[in-house]
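Across the two complexes that follow, subunit A remains constant while its partner is subunit B and subsequently subunit C.
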Partner chain A sequence: MDQLSLAVESSHARRQRLGERLFASATLIAAVLVLALLGGVTIALVNGAWPALARFQLGFVTRSIWNPVTEQFGALAAVYGTIITSLIAMLIAVPVSFGVAVFLTELSPRWLKRPVGVAIELLAAVPSIIFGIWGLFVLAPILQETVEPWLIGLLGPLPAIGPLFRGPPYGIGVLTAALVLAIMVLPFISSVMRDVFETVPDVLKESGYGLGATTWEVVWQVVVPHSRVGIVGGIMLGLGRALGETMAVTFVIGNAHRISSSLLAPGTTISASIANEFTEAVGSLYTSSLIALGVLLFLITFSVIAVARFMLLRLERRALSSV
Partner chain B sequence: MSRSLRRKVTNALALALSAVATVIGLTCLAAILWTLVSDGLAGVSGHLFTDMTPPPGSAGGLLNAIYGSAALTVIGILIGAPIGILAGTYLAEYGRETRLAGVIRFINDVLLSAPSIIVGLFIYQVVVVPVGHFSAVAGALALAVIAIPVTVRTTEDMLRLVPQGMKDASTALGAYPWRTILGVVYPAARSGIVTGLLLAIARVSGETAPLLFTALNNQFWSTDLAAPIANLPVVIYQFAMSPYPEWQQLAWSGALLITLTILLLSIAARFVLAVLQPAKRSR
Partner chain C sequence: MSSVEQGGINLKPSGRVAAAPSTALEEGGIGQTVGQTTVQDPIFSCRKVHVSYGNKHGIRDVSLDIGKRQVLAMIGPSGCGKSTFLRCLNRMNDTIPGARVTGEILLEGRDIHDRQLDVVQLRARVGMVFQKPNPFPKSIYENVAYGPRLHGLARSRAQLDDIVCSSLQRAGLWDEVKDRLAQAGTGLSGGQQQRLCIARTIAVQPEVILMDEPCSALDPVATARIEDLIDELQESYAIVIVTHSMQQAARVSQRTAYFHLGALVEVGETDRIFTNPRHKLTEDYITGRFG
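And then the complex of A and B:
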């Protein structure tokens, strides 16, 4: 090789190396940015919440008073509302989603499988505000006029669970919010469960059938134990969504910072309080208290989501290693 | 009852319940879509797309909100997508199974399902407070933060589908990884990346909570990115909560518009993946 082509060659190689270094560092920077995003969110929120947390200390979590006039703020009512609405929503949505997933994987005729599956996946993409306004304009009036009076008459006088169903039928309140949440997370949990059920190897199911098991016995004794981790992971992801959901709840919860024994009474959740009050909050302590609510929500959902992702990750690894 | 009969009855009962659950679930969801279409269509007219959001008690349209939503979404994606695609490339091509990549993957999954109102609070703290007022830029940044994890996830998944043999062939020709990625991997995964972008747009365009205290709202026509800007989700929120029938009607029409847009985007995403991807493989 003569001198000239060697020089050309090396300048080409140098350009390639430079390009490699630039591109590789660009991707690395972008990836680290994702990491920094979570750190940034944590720092910004704790920073904003600091005045309120320093002022009320542990009392912020243990008191349910929320009075902007006297500037006394406690998160207990909002935390309670967040947890109770999500729990009721999961109590409704999980069994129904399980049914949908079983139907889609084991029961549905082949021609129905795809349309129903696709419909459910598309519905999971419908924005939550749609569920919110439907809850406010359609579901709440129905509940107020028919369902809630009936519940009050039927369950109100009972000794143990009676107090949950007493008081006037407002239409909007904890129960309505929970129902809207349940409908909203339903497509999401169903499609995760279906995906998990489909990871069960056919051989396992076939050996169940070979032993003479019924479809239900195969589902309950083969499919469910095999996909247990994935099911719990999917439920936790749904729970994470329900806990942090804002718009579906804000419309129908009634935004009352109190803990009522009745599920029919208005309440509030963390996200609904922030959405309702943030832009109207006067004074730095009020704003800071709302951000502190955000910190609590972040802690709650972060732990739920982290557990869920960890479980789903384990399932993925197992699926990979069994291939 | 004999044992075998009991098993059969249990089986029939359980399967019937699962069918009932499916019917109940689909009925609820169909009811929502039905209300949305019937109530939303009632307000659809030319004015919806030519008039501004009205003051209480008078008729109007959603032009400024539609424009604002489009602008916020476009800017948000323009900021978020490149970061997301690059980070996804790192995870799929450079980081792979390293510890750092594992941590980033996990954090990204957490961000993917983090409550969007938290993102709103975050941008409020780092953009709105220092600047001193709400702005379209803040709204777009909030949407970008939401778009990033979605794009990272889909990009990584799609790049990993590209056969290792194609990358090896490029490497064997003496190409550096960046040439391989730009010249072989990206073109091969193009339809997957486009799908990811469409899904990110769909996800972002219905978000309400993060816009409430970043972009805020604006009753008038505004293209000023430093000022609050009208946008469909927040307009729907405010109008639906109001006692005025005209506003509530506009809220339903806006809701229908958003849902149709998102459903179209989701269907387009499936179409791109289903139709373009196999065609490429068979070549």
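And then the complex of A and C:
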């Protein structure tokens, strides 16, 4: 009897151990798979990009010429376009997202909270191709006919920033792409900000209000310091998305491989160039150059994440030591 | 929102009340407040104050004066509306969505719901200490300097240093923290944090200090220190304290108000309330028959 129950128990224990081991190795495989995929992608990219990188060497990054006929390729225009469109997009989207998040968490009447919140989430669900056609057929004509002429008239003659707003109003161009990008990353940044603002304890906010702080003072001096790590995370999420966005940008940026001083002129981004030219890339050097563009994009997004990590680390250390 | 619960709106019609003796219906249940609701030269004068959250009633028909330089204790079972009433006095209920306050609350003769009156100024005059110690995640110095900075009370750094130093001294915390003002306020012990919050409140030089169960998260030693502090502060401020401890109410206050189910049942001199309660509900509560 005793022996029997012992035998039953040990077989149960054995099954348990086996299950545990299976579970542990399954999770290990999943984790290793991610590393293997990342390594594989990197190897494939560098391998594909090698002919172009070997041919042009550093010139691939420092030259802006992009001539498939003479087979001269330099990525500078695309890199510049990628960074400038994303930066302008963040310049627009971050303050607006901050406003949306503050309104939703601190100021909004309760009946308005849900509709606005749901609308933001829906905005995030719109496929990027929709933003592309909307940008091309709706936003670009409006910009060309009204906004850009007005900008040219108002800001063009100014000394420092004037050159950014000169030239003919094309409608499509760097500024249009940046605007579309701003609209696309807005829901991501604002929903992250809203979520982190909501994690600020009520008691902390109330102690601010209790000392006679205004809503603005409570937001700026209590809510923001408390949630700065989350804010940086949200901004980086948006920036990462803006850097890699392809379809919508391809529609509205004009796809011209040149660096123009004016934001109204057509330009290109890395991902837009790849998407736009892959089908018509003849010759291995052309294809290889496009893949090399991909390597650059990979490096840019990687450094953005690295910088974000570094900033977060410093913020956390500061929060621990000095406050 | 947790603050709603702290505000005491969870009127539970069953439970506690069912346990209350049937004699609660004597004198017509909770009718008119028993005892002297008015005082000579009050700092706060409240008439027929009514608070509702959506369709729930927080408190109803509370009329009560608060005297200068004395401690008023508010006692009563959970959810009786004492915290809700407290939060009316600095309009903290404004921060709770759906809260509606009616009735008249005069601060030195001036209606605090007057559109002309700035709620920020009101809260500078009526400071608040919360149930849970809630220092800002900043240094000890910055915690105390926060309010004076907000309201521009100090013209120079030296003056600000003075305010911080004297506020910490009055809160009985100076000797413990004078060598580490730059360290985080959140690194202090619970009792020290609560005294830091009191220092932060008096740094703004308020006229009234509201305390919402300031000792409920503290151990007996820390509680005793806060109670001593209340005794000292009472010489300069009007203090309104919500407490669950009847002993605490008896120790620190001159007047006591007993709340039940959102109504002010009885108010009077603390000695009188605890030795000779006139309302049956008050008697039942302080003798420990429920609550």
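Throughout what follows, the second predicted complex is superposed on the first by the 277 of 323 C-alpha atoms of A that agree within 3 Å, B and C clash if a C-alpha of one lies under 4 Å from a C-alpha of the other, contacts with A are read in each partner's own complex, and residues count from 1 in each chain.
One rule holds in what follows: a contact is a pair of C-beta atoms (placed from the backbone, for glycine too) under 8 Å apart; a residue touches a chain by one contact, two chains touch by 3 or more.
Note that the coordinates shown come from a computational prediction; the quantities given were computed from them, not determined experimentally.
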Partners on subunit A (subunit B, subunit C) - clash or fit: fit
First, second, both or neither for A:A119, with subunit B first and subunit C second: first
Subunit B versus subunit C as contact partner of A:V249, first or second or both or neither: neither
Subunit B versus subunit C as contact partner of A:E217, first or second or both or neither: both
Partner chain(s) touched by A:D202 [first = subunit B, second = subunit C, both, neither]: second
First (subunit B), second (subunit C), both or neither touched by A:L143: neither
First, second, both or neither for A:P225, with subunit B first and subunit C second: second
Which superposed partner A:V34 touches (first subunit B, second subunit C, both, neither): first
Nearest-approach distance, in Å, of subunit C Cα atoms to those of subunit B in the combined model: 7
Common interface positions of subunit A, toward subunit B and toward subunit C: 214, 217
Residues of subunit C touching subunit A in the complex: 1-3, 90, 92, 95, 97-98, 120-124, 127-128, 130-132, 134-139, 142, 146-147, 150-151, 182, 184, 197, 200-201, 204
Interfacial residue positions of subunit A with respect to subunit B in the complex: 16-17, 19-20, 22-24, 26-35, 37-38, 40-41, 44-45, 47-48, 95-100, 102-104, 106-107, 116, 118-123, 125-134, 136-138, 183, 186-187, 190, 214-217, 219-220, 237, 240-241, 243-247, 250-251, 271, 274-275, 278-279, 291, 294, 297-298, 301-302, 305-306, 308-310, 313
Complex interface listing, subunit B residues touching subunit A: 7-8, 10-11, 14-15, 17-22, 24-26, 28-29, 31-32, 35-36, 39, 82-87, 89-91, 93-95, 100-101, 103-104, 106-111, 113-119, 121-122, 124-126, 129, 145, 148-149, 152, 176-179, 181-182, 202-203, 205-209, 212-213, 216, 233, 236-237, 240-241, 248, 251-252, 255, 258-259, 262-263, 266-267, 270
Residues on subunit A engaged by subunit C in the complex (per definition of touch): 109-110, 201-214, 217, 221-222, 225-226, 319, 322-323
